[in-house]
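Chain nomenclature is as follows: A, B, C, D, E and F, assigned in order of appearance, with residue numbering initiated at 1 for each chain independently.
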Amino acid sequence: MELYNGKDKFFGRRFNEVVEKLSDQKTFGDMFHISRHDIPMPSLDDLKEIIELLRSVLFPGYFRNSEIHSEIVGYYTGAKLDRIYRGLCEQIKRGFCFSCPDVTDGVCIDCENKSRIITEQFIEKLPEIRRLLALDAKAAFIGDPAAQSVSETIFCYPSILAMTYHRIAHELYKLQVPLIPRIISEMAHSKTGIDIHPGATIGEYFFIDHGTGTVIGETCVIGKNVRIYQGVTLGAKSFPLDEEGNPIKNIPRHPLLEDDVIIYSGATVLGRITIGKGSEIGGNVWLTDSIPPKTKVMQPKPPVTIITDGE
Amino acid sequence: MELYNGKDKFFGRRFNEVVEKLSDQKTFGDMFHISRHDIPMPSLDDLKEIIELLRSVLFPGYFRNSEIHSEIVGYYTGAKLDRIYRGLCEQIKRGFCFSCPDVTDGVCIDCENKSRIITEQFIEKLPEIRRLLALDAKAAFIGDPAAQSVSETIFCYPSILAMTYHRIAHELYKLQVPLIPRIISEMAHSKTGIDIHPGATIGEYFFIDHGTGTVIGETCVIGKNVRIYQGVTLGAKSFPLDEEGNPIKNIPRHPLLEDDVIIYSGATVLGRITIGKGSEIGGNVWLTDSIPPKTKVMQPKPPVTIITDGE
Amino acid sequence: MELYNGKDKFFGRRFNEVVEKLSDQKTFGDMFHISRHDIPMPSLDDLKEIIELLRSVLFPGYFRNSEIHSEIVGYYTGAKLDRIYRGLCEQIKRGFCFSCPDVTDGVCIDCENKSRIITEQFIEKLPEIRRLLALDAKAAFIGDPAAQSVSETIFCYPSILAMTYHRIAHELYKLQVPLIPRIISEMAHSKTGIDIHPGATIGEYFFIDHGTGTVIGETCVIGKNVRIYQGVTLGAKSFPLDEEGNPIKNIPRHPLLEDDVIIYSGATVLGRITIGKGSEIGGNVWLTDSIPPKTKVMQPKPPVTIITDGE
Amino acid sequence: MELYNGKDKFFGRRFNEVVEKLSDQKTFGDMFHISRHDIPMPSLDDLKEIIELLRSVLFPGYFRNSEIHSEIVGYYTGAKLDRIYRGLCEQIKRGFCFSCPDVTDGVCIDCENKSRIITEQFIEKLPEIRRLLALDAKAAFIGDPAAQSVSETIFCYPSILAMTYHRIAHELYKLQVPLIPRIISEMAHSKTGIDIHPGATIGEYFFIDHGTGTVIGETCVIGKNVRIYQGVTLGAKSFPLDEEGNPIKNIPRHPLLEDDVIIYSGATVLGRITIGKGSEIGGNVWLTDSIPPKTKVMQPKPPVTIITDGE
Amino acid sequence: MELYNGKDKFFGRRFNEVVEKLSDQKTFGDMFHISRHDIPMPSLDDLKEIIELLRSVLFPGYFRNSEIHSEIVGYYTGAKLDRIYRGLCEQIKRGFCFSCPDVTDGVCIDCENKSRIITEQFIEKLPEIRRLLALDAKAAFIGDPAAQSVSETIFCYPSILAMTYHRIAHELYKLQVPLIPRIISEMAHSKTGIDIHPGATIGEYFFIDHGTGTVIGETCVIGKNVRIYQGVTLGAKSFPLDEEGNPIKNIPRHPLLEDDVIIYSGATVLGRITIGKGSEIGGNVWLTDSIPPKTKVMQPKPPVTIITDGE
Amino acid sequence: MELYNGKDKFFGRRFNEVVEKLSDQKTFGDMFHISRHDIPMPSLDDLKEIIELLRSVLFPGYFRNSEIHSEIVGYYTGAKLDRIYRGLCEQIKRGFCFSCPDVTDGVCIDCENKSRIITEQFIEKLPEIRRLLALDAKAAFIGDPAAQSVSETIFCYPSILAMTYHRIAHELYKLQVPLIPRIISEMAHSKTGIDIHPGATIGEYFFIDHGTGTVIGETCVIGKNVRIYQGVTLGAKSFPLDEEGNPIKNIPRHPLLEDDVIIYSGATVLGRITIGKGSEIGGNVWLTDSIPPKTKVMQPKPPVTIITDGE
């Protein structure tokens, strides 16, 4: 009964060979990210903290320091916004440096400046983001009989969480911040199973019930008062490739949903088609053609088989 | 090459305006949660800790202090239950204060008392909760050929995690605790993609394989020995609105599943219908009518197309 | 208005009874895990840390210490590999002890030795794992028009995260490590909603877009250049039971996908069938029969209903 | 070579006996603190956090959020003061409950109310506390040739740290808060080796250089512009006992130092004596009698011995 | 205005040279600790946690879980003792491995076994340790007029903290555990400035007021009811060297203090001398000869100088 | 029995007044640190981490990753040195910005560049720092009969801790880094009670036994093989003031100790005097004059008083 003494043999030539292979630059390619401007990758932890601060500013009294009262809320809002300003500015800068064409090692005044200006613009959008989220919370309350109050939807509905992340990410997307919006939307995706591309345009009073598996593509445009359920895909049917076989970017390829549309669970709606105002798409439907307003699309009833004892 | 000096301009009038708008009570409405009884919102971190303690008490030797042995287990169980008592009591009180009609700022003896009594009742239910979870673990082992042992299902199957959260949340739901059960079920939803409303009644030997995207609605009643798969929806078909356009609460609107039912992945079962004992619902089926016992429901075979070279 | 004084009554007989029931060994059965060799259960936190270290070694410059540069990368790789060696070796040992037939309390030289040998073999596989992940990242870039760069897919696509976890777990599975591979795949499942059994064999250039709800079963064999979408199930149709009613383990029961296959969202492919080279399965399709190469399978178009005012 | 199997023998009777003895109430006496009003002991971690917040409010830009700028400082001050209010109020309440004569288990409105009123009074003293600390920082800069700037003394001199803690603790002491002031002064003692009883009255422009081992007793009264060094004791000579042999509390028993006094390292000054204005006490002196103003007290020169080779 | 580009030059030859020198084994000597039995150094963090657990078991209701009540205290005591057993056993093993003559890499059953046996013996000493600490707390209350209650001394007096650490360390020292007792005494030293060697034998009712700078040497023997103050040294006068110039270990070289001795601040008592029962040593005294019982030793009064204007 | 409702009255005018006073710039003066170059204050947490990394590089196998073995030590050394480089460079930059005469808000290339160059120079001094610390560890082992091994002194002696911090701080002091060396020396002071100014020059084989309260001033010069004890002060006698009453900086004002000097506990040595080679200063001595080599200075024996019964 003796302990395997291979460790000494392993550490040495065998171990060093693995280190060498994994550190060999020729085999790296895109696997090795060389930081530009000596700036690290965006920090997921810091972004998470920033989003949490934003949530506590957008919905005061719900998250963190939840004993907040009205005489004092202004102080907290100001202090948190300053922290958001600093934190977000740094992350946006990292987003720019990630893809900056200037590859020198050192301070990049351009990335620095752009990130400051954009952060300021973003912060000035916050009151509008709150207005939209307030309407989303009302839509959640009205759209789910199990909801006890608007407050409950704000505090624990995945739809509100996903929309908070999305409306923040979408604003940054419109300000042409690279990478960061995508990271934010993946955070919401991981937490809720709801995958909304930051490019998607979504109107007032939007609600996703349950939401797991729901996908909303980059060029979707969704009207007001739309409600969708878990497992709904608003996707692209196919996409053209360029001469090198890479997909051509930025082509409108996802559905347009007009106001008052409802799409039930598991439905798949693909391509640049229009779902007319007030239409309903039944569960598990696969749809690739436009439909006029006030239309209902349903899966046919499935056949039924009786299991006999002999089976 | 100079650094953008807008910061000084931004901090001042522009910044203060955003703070003011975000702190303006008139525009708040439900967005600003005013704490009742000076009690903060329930703490997600504390609830997570409580659930983890509950898991380690329900499945001794699996989680935390996993070197535990039989001579010592009683000490740990007692100490953990005391911590659970204190922690849960506090969170339940916060749940009550969240929606208490008494809005004064100060100590609310009523919320305090109710939360103590309910916590005691809940703790006395734990042995029964464990009995049910032991059967769920057996069901998981029998229901999945990939499972190597019952222990493995306890330690890493999402179904057991979701059911542990659910059986806890359901007990609190029956004790009429507001908000907390819903938070617990959303925690499980976020971790596993399985969304079980705390109101759902679920019998012995229940197993959900894979589980992502599965939804079980508030008024579902599920018998013994039922097995369902990922992406299954047990939902409501539609819901009546009251005169103000809000959905009427607490109406039975979700399916009843009798014993020994199996529902395969992606099936959608909607409305207050009954799935008879021993029936099977095939994958991706959309079902809104009751079916008798021992019935099989299947999606028809899809058409097949050969892709030709010219395409 | 007095505080409920039941606490004193509760702590005492009532409380002690609950403790006793929850600690009673007769009722435990599999609920009480008795640690073998006095070794605790695998640590999820430590495994998470190990995987994060592996990610930073496989994709240098992306995660942790992301300011890393080429002169220094070898030092980091070596130091991290040593930490991975130690950490993984410990977790693998715990995996072995978890199911070791030797139940004595004390040091198990056999579990200790096996875990060292396997860890060394695993570490020598890392360069190959990186080669495969590099191709997966390219597949993601080519497969998604919304992707801006290969780097972006490495940093924030759930597909790359899930495949990193899978290719690690699969290697450990092939080395016959118990439990640990399954834990790793459940970690990825929880984060991404993608549930790949560690036993599944997956070829080069694999990409899962969005991915929530996708399930890939234990005995799947997937060729090169395959792309699948969210909600796709590659599952078993049914499974034979042994004489005691337990499912028979290790029977090939999941699909074979040849090269260049695409499967769209929500499709369910069940049983030991073969999907021929270059075939496409449409969304929401339910498929249980083999199909030849270059075949397209689509759901039929659903019926459309016009909603009239009177409805 | 076998592992000691005593564990099984130890856990059982032997272990249980230790548990029993350590839990036996009869042997407890003061060793077992029974919490009054179901309120836990003051939290050292929370108090540390509160003091850190106070430091960042008293010296803006030095500690935490040190990038703070003047347009924004008011927001931070307000938000931090609110957090200080809540945190300190809770700790003061715990201090009162610690020694409250009402031993019932439940809410103690009296402790609650007193802690709120005192917290408010304390917060209104903060501007005065800052004024004093600003003068202490100047005294440190003037009193130490090694100091490069006033800012440096604020950021890293133990004297300023100790005086910040003391001036806070002394204010709470004057407001008759039990226990908490003592805890705060022990925190400073542990960090700096400077032990100032919260009861000591200390005038403007006070500086302790190095400070380790310096002790300032409860009833000391120190004038303006006093400087003392490490290892100085301002203590009690002896103390009368009551009939039960316990020391009689609250008798003035420590020195009075008039303005402009300097006491060098290691000097011991004991009893209710007066050190006259402008006097200097040399190092290692042991002094138990009052001295008039402008007096110098020095240890006599020690004898000198030549060590010869033969030693 | 350009950024220094030396980094590229530094990382490369210059950097590698430093790495090489710092990793060169020939220059290491004792600087490079080679772990025996593949066991790491004792963990300061884990030891700190163990001591904290011990404090909460010795003084229930004061530290951690301070809401503990008498019905429940046994559960906590048992669970904590089990955690202490495991944690301490591991650290003691590390202490043995640190200096084990068997240098093989692998499991050392001897170190493992000794650590288990000693841990069990230590745990059985805990009731006696508590008895002694209870008397120390009483001595603190009686010895300091500023103390409000025995409870206050337990909760915040450095003397009780130092004695808790010492009485634990001393018990381990007597059980011949290497290294660990010394680490524990240095922890107390760092927190309180009180440096008691774990070898020192200290009787009942011991109290050190203030304590910063107090030193009690390895072979001291202190009777009952002794009180000492800050800055007191109970040290060795000189120590004989062996032939290689190293000090000879384990020779009794520190003072013996009989019962009822008081030593005031800054006194230095050196060598194997006896301080007779009931004697008092005044502050700043330097003493190297034995004194009989009931003796007072005082520093002579220092000379006094009047500072004249002309100075 | 009603809850004090003053909170509403307090938050409002009274609270706002305090905020205003504490945020009023006119009363700030040096109390409000305005960050230059938008760079925050040095981070104590980061510096602590850097020093810990340095300790683990200087004494491999003792701290952190203590299972390190010789085949692998180079990888760790390289990776840690890179982290030290980045971390220290940032903190040194903050030190420069803290006192930079250029007050603009933005990037300061000068501070950035200086900090890089100095960090590189510092890192190249590390092998020499290790050489000195190895000798200090030997001196500790030889100087203390209680030490069991050189390793024990490295792992837990406050003298080695203090000297590690000092030799690092002194190197940075010589490289003219502002603020940071002082912070480092205060960290050691807080942990050990040993207060060595970073400016002090200390030769090989230096040992401080126990150390609490020992002070070594800025312009001290200490030879080889010197040993001092707790409570020893090597200080300035007095210091000349400039015309504004501020002390004149940088004047040599502390003692010179030649080789082989021993100073016993509590001795105070003041002013620019020389203690000749091989001299010994007895405990509690107060010395302000130079002494020749091989001299012994002792406190006279104190008078002894017999306590009579009648007292």
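Everything that follows uses one rule, which is that contacts are C-beta pairs under 8 Å (C-beta built on N, C-alpha and C of every residue); 3 or more make two chains touch, one makes a residue touch a chain.
All values reported here derive from a predicted model rather than from experimental measurement.
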Interface sides of subunit E and subunit F: same vs different residues, half threshold: different
Contact-richer chain pair [A-D vs D-F]: D-F
Rotation in the CA alignment of subunit B with subunit C, degrees, nearest 5: 120
Farthest chain (mean CA position) relative to subunit C: D
Subunit A and subunit C, separation of their C-alpha mean positions in angstrom: 23
Intercentroid distance (Cα basis), subunit E paired with subunit B, Å: 51
Rounded Å distance, subunit C centre to subunit E centre (Cα mean): 49
Set of subunit E residues in contact with two or more other chains: 2-3, 7-8, 11, 15, 19, 67-69, 72, 74-75, 77-78, 81-82, 107, 109, 112, 193, 212-213, 231, 266, 282, 284, 298-300
Residue numbers on subunit E that touch subunit D, as the complex places them: 57-63, 66-70, 73-74, 77-78, 81-82, 109, 112-113, 116-117, 120, 123-124, 126-127, 130-131, 133-134, 137-138, 141-146, 148-152, 154-158, 191-193, 210, 212-213, 229-231, 264-266, 282-284, 298-307
Of subunit F, residues touching subunit A in the complex: 8, 11-12, 15, 19, 69, 71-72, 75, 107, 109, 112
Residues of subunit D defined as touching subunit A within the complex: 1, 65, 67, 72, 74-83, 86
Subunit C - residues contacting subunit B, complex: 1-4, 6-7, 10-11, 14-16, 18-23, 25, 27-35, 38-41, 98-99, 178-179, 182-183, 186, 189-190, 193, 195, 197, 199, 212-213, 215, 217-218, 231, 233, 235-236, 239, 245-251, 253, 266, 268, 270, 278-280, 282, 284-287, 289, 291-292, 294-300
